[in-house]
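Here the chain labels run A, B, C and D in written order, and each chain numbers its own residues starting at 1.
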Amino acid sequence: MPKTEHYQWYTERFAPTEIHAHAIEETYFAGRTAFQAVAVLRTAVFGKLLVLDGDTQSSQADEKIYHESLVHPALASVDDRRDVLILGGGEGATLREVLRDPSVARCTMVDIDGEVVELAKRYLPEWSDGAFDDPRARVIIGDALRFLKDDGGRYGVVISDLTEPLPDSPSFPLFNGEVFRDIKARLTPGGVYVLQASTAGFHNLSLHAKMARSLRAHFRHVSSFYTHVPAFDNDWAFIACSDAVDVAATGAERIDAYVRTLRGENWFYDAQTHRRLFALPLYVRRALAKDGDLFA
Amino acid sequence: MPKTEHYQWYTERFAPTEIHAHAIEETYFAGRTAFQAVAVLRTAVFGKLLVLDGDTQSSQADEKIYHESLVHPALASVDDRRDVLILGGGEGATLREVLRDPSVARCTMVDIDGEVVELAKRYLPEWSDGAFDDPRARVIIGDALRFLKDDGGRYGVVISDLTEPLPDSPSFPLFNGEVFRDIKARLTPGGVYVLQASTAGFHNLSLHAKMARSLRAHFRHVSSFYTHVPAFDNDWAFIACSDAVDVAATGAERIDAYVRTLRGENWFYDAQTHRRLFALPLYVRRALAKDGDLFA
Amino acid sequence: MPKTEHYQWYTERFAPTEIHAHAIEETYFAGRTAFQAVAVLRTAVFGKLLVLDGDTQSSQADEKIYHESLVHPALASVDDRRDVLILGGGEGATLREVLRDPSVARCTMVDIDGEVVELAKRYLPEWSDGAFDDPRARVIIGDALRFLKDDGGRYGVVISDLTEPLPDSPSFPLFNGEVFRDIKARLTPGGVYVLQASTAGFHNLSLHAKMARSLRAHFRHVSSFYTHVPAFDNDWAFIACSDAVDVAATGAERIDAYVRTLRGENWFYDAQTHRRLFALPLYVRRALAKDGDLFA
Amino acid sequence: MPKTEHYQWYTERFAPTEIHAHAIEETYFAGRTAFQAVAVLRTAVFGKLLVLDGDTQSSQADEKIYHESLVHPALASVDDRRDVLILGGGEGATLREVLRDPSVARCTMVDIDGEVVELAKRYLPEWSDGAFDDPRARVIIGDALRFLKDDGGRYGVVISDLTEPLPDSPSFPLFNGEVFRDIKARLTPGGVYVLQASTAGFHNLSLHAKMARSLRAHFRHVSSFYTHVPAFDNDWAFIACSDAVDVAATGAERIDAYVRTLRGENWFYDAQTHRRLFALPLYVRRALAKDGDLFA
């Protein structure tokens, strides 16, 4: 066989009957932290990949689709962005996007897995792009729930970059009424809570819909939005929640004015992209309109 | 090993280093027509799949995302939809969507591969859903380019459901200035030409951008739009072209009024979905704004 | 991607972490009988493949390695071969090999799955090569165990081509002292019972060793032999049992004289091959010499 | 999906339509030397694997099948084994087997890729098992052909563990009449030249047969032998050549006496295994008996 044949593959099984295989160009790291299995790989199409417990977390080629969507719709909609809180986000790219906003005076990031933070600094410096060295960054290695209980701060935006509450996953207990109340207690009056919120794929909308239903009991405005993230092989959803601000309705001029204040250039997000993110197809709206069970 | 282990797989290689594998639940047909290799399979997540020359053409589970996007933005934007022309579209789902519009008096479909049409009738009746038996359907087995030259009709909408003009593909000669002029000659004055227009994935926007650039030399309004089609493992693009109508700007009220006239219910498309389809992220707009070579 | 890319694969998982994938050139049949899932495929290297419940049963290219090994060492070692009994063997290749011996006056084959027999006649005629039409063939569709109880005949050779007694498999009850006694009751005084006896691969010798240990409690001579069968991705073992004949010790002259009487030419087996089959490497002999549990 | 799902795979394509995939438990090393791509992996069934240019070289679980076959039939057949020469053999396992023979006073090993030797010492110490530290070992990093020309020594056994002379491979020039003459010039009068000699699989016997044919023009006794090596997914062949000794005919008592002198225990080879190795099935003998072209 030709010597150029690829012979190491990373496979992701996103259903028992569906497998995506990426040829591995290089393995930078493969091992375990105290919390999870970690691999840092490189592929031809996606560049570097961070893989946690066998799930792609982000790829160099399209992580901006995910991180700009997670961060900027919320920030563009909030007036007082001096203090921002990130739950999770170990790779540092969420931190990077927040700190591109010169209105942010301090960004606190709480991630339980300090080893992932160190691996990301070493192998994925493109993700944080210097953000860990920004004097406005406050990185806390610890339990996000504990932090919410203990901390007395108030944040204009709270961003949850935690894994979604799949049954039997360690994130399952992170998603319930008590946690929502703890997060609300940390928001400023005009503040927004935004979270990554599982897939919006046609065959698996139920977890996202349950998350949205549950949050509606706690916040006045709860807006789902989503985009296709190629490295996830899926449409990926987010939810913006607030008692004061309807993020879905933030105006184009406000958004573009906000984007112009950011350091560096956006790759994905601006007012037109915002319109795309929040305009949901019929089948998604129908799934979101259905009744069903809640996270307690 | 467990007897329930899946042991037949359909693999699609969408880059030399990227493979998607679907477990095959059932093989309805696998063979060749005079023009191409054809397989009709069933998978757990996507239902039935039509595969031509190893490429997924459409899946039962999400074909409406593709076919509603291909058909309805154009039809919703045109006043005189009495005569519609489809180039390609052998499965019959484009025909089905067109004939859901009671304003359509006749829909002509020209596909070169009569065997695929017959296979679709037999194995994929969900795709055409009776459209081949609609008295308004005129199905012509023959060469689409030849038809454009010989036919004297005028069509409010011309829909191209042909494969994209990849180098060395049989569709390559179907995409050039002469063909665009032939299509224009078949359009009514207020008519729209809409075509499927290759991937809009971040790593492979160049063919779509070249198609759009080329069409801009021939039509006053040329609007790219796209959506993620899960069965294609990709964002998929379309282009709407017209000298009279700016499809991207068609208003929400007009769209929803149009949708209400359709027989049966849409699954994907309405005014909000239209907004999503035509709102393009920054990196897509930048790729479309670049200069480059043209199809001659 | 090139249109010649293979896009349908048959995968066999012979350990949770080991997969062999064959590109499918053609699918002749894929469906279910009353007893099992059946696929008849063609691959480039192995030709046609018969797959039952996801396990390769035999391939056109190397089935003679398996079937000549199963049949001829036993027949070459027995004087009175007028009546031969096959348990299982639906494809007809074991029957074919037995009937190549002109000393055989009648060969009775008992297989529970008549649909597999019919599928083999239709799609795998190379396997039986006319044997089903031989007037000496007596094919009984029914339960082999029931047959052993009810039948009053005596057979010089009893050949078991049944699947091996994996825990939870339908063949598990077919392998115990009662069955061995029933088989013995059907053997002529100089008769031999030979069976396919699972893998002899270094990582999975335990089932074969348990089968051999269990049979030693019932027969005076119990000889394991094995060969690599490429289509099985494995070394494959057999066991010859007899109170009268030591098949392992059958002399080269007797074997070659026997082989010369066969109709047509052997492809794999003769006296030298016999020597290979029964000469076992050290690690196999050590595994066979160990004590352990028995089939009751 | 379950977190225990394997998600990194090593795939070996041993025909364009046949792929073997091993789940990777751990990647010890993946990189390039000046001569080749090297990976050291661990799998559940095979333990550690050494992979050069995408081809499995040996596995921890079954490397003794290969290395005992390569070394011991030749050594058991030669009286004067004081000096032994290994061409290639970078992993050190061939060296290990040779040095288990206390009659060997010096074993010279010439391998061009010193980086592979160092990687093997670091990651695959089980292969050499201390042999590199044995004072009888003389390891030369350099070109084997150059060594044959320049060296004035005489060796009772010359062992070639080089890759086989596939067209366009770097080993192609290492296999021709001039090289055979150079090797003969280094053999003692009663000496044996033994080499790994490509696959003996039913679908790919031609390279081995051509190697054997070519050597018959240079040596009086040329004996093919083979065994299934599971990690190679194939039957693997060797050739023993000598003007003085017929290795195939070495007697059982001599072999077992030789084996008893070895330090430590054999896992695979003894007199009975020797009988197996050299007893070839009909289809192999027929392939070897055919005329055909030669290596010049």
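Basically, contacts are C-beta pairs under 8 Å (C-beta built on N, C-alpha and C of every residue); 3 or more make two chains touch, one makes a residue touch a chain.
Keep in mind that what you see is a predicted model, and the values were worked out from it rather than measured.
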Any chain in contact with subunit A as well as subunit D: none
Where subunit B and subunit C are represented by their mean Cα positions, the distance between them in whole Å: 53
Euclidean distance of C-alpha centroids - subunit C vs subunit D, Å: 33
Distance between chain centroids, defined by C-alpha means - subunit B, subunit D (Å): 57
Multi-partner residues of subunit D (at least 2 other chains): 6, 9, 15-16, 21
Contacting chain pairs - touch in the sense defined above: A-B, A-D, B-C, C-D
Subunit B residues touching subunit C - in the complex, by the definition given at the top: 1, 3, 5-16, 21, 24, 26-27, 30, 37, 39, 51, 53-54
Residue ranges of subunit A touching subunit B (in the complex, touch as defined): 6, 9, 15-23, 25, 43-45, 61-62, 65, 201-203, 227-228, 230, 233-235, 266-270, 272-273, 275-276, 279-283, 285
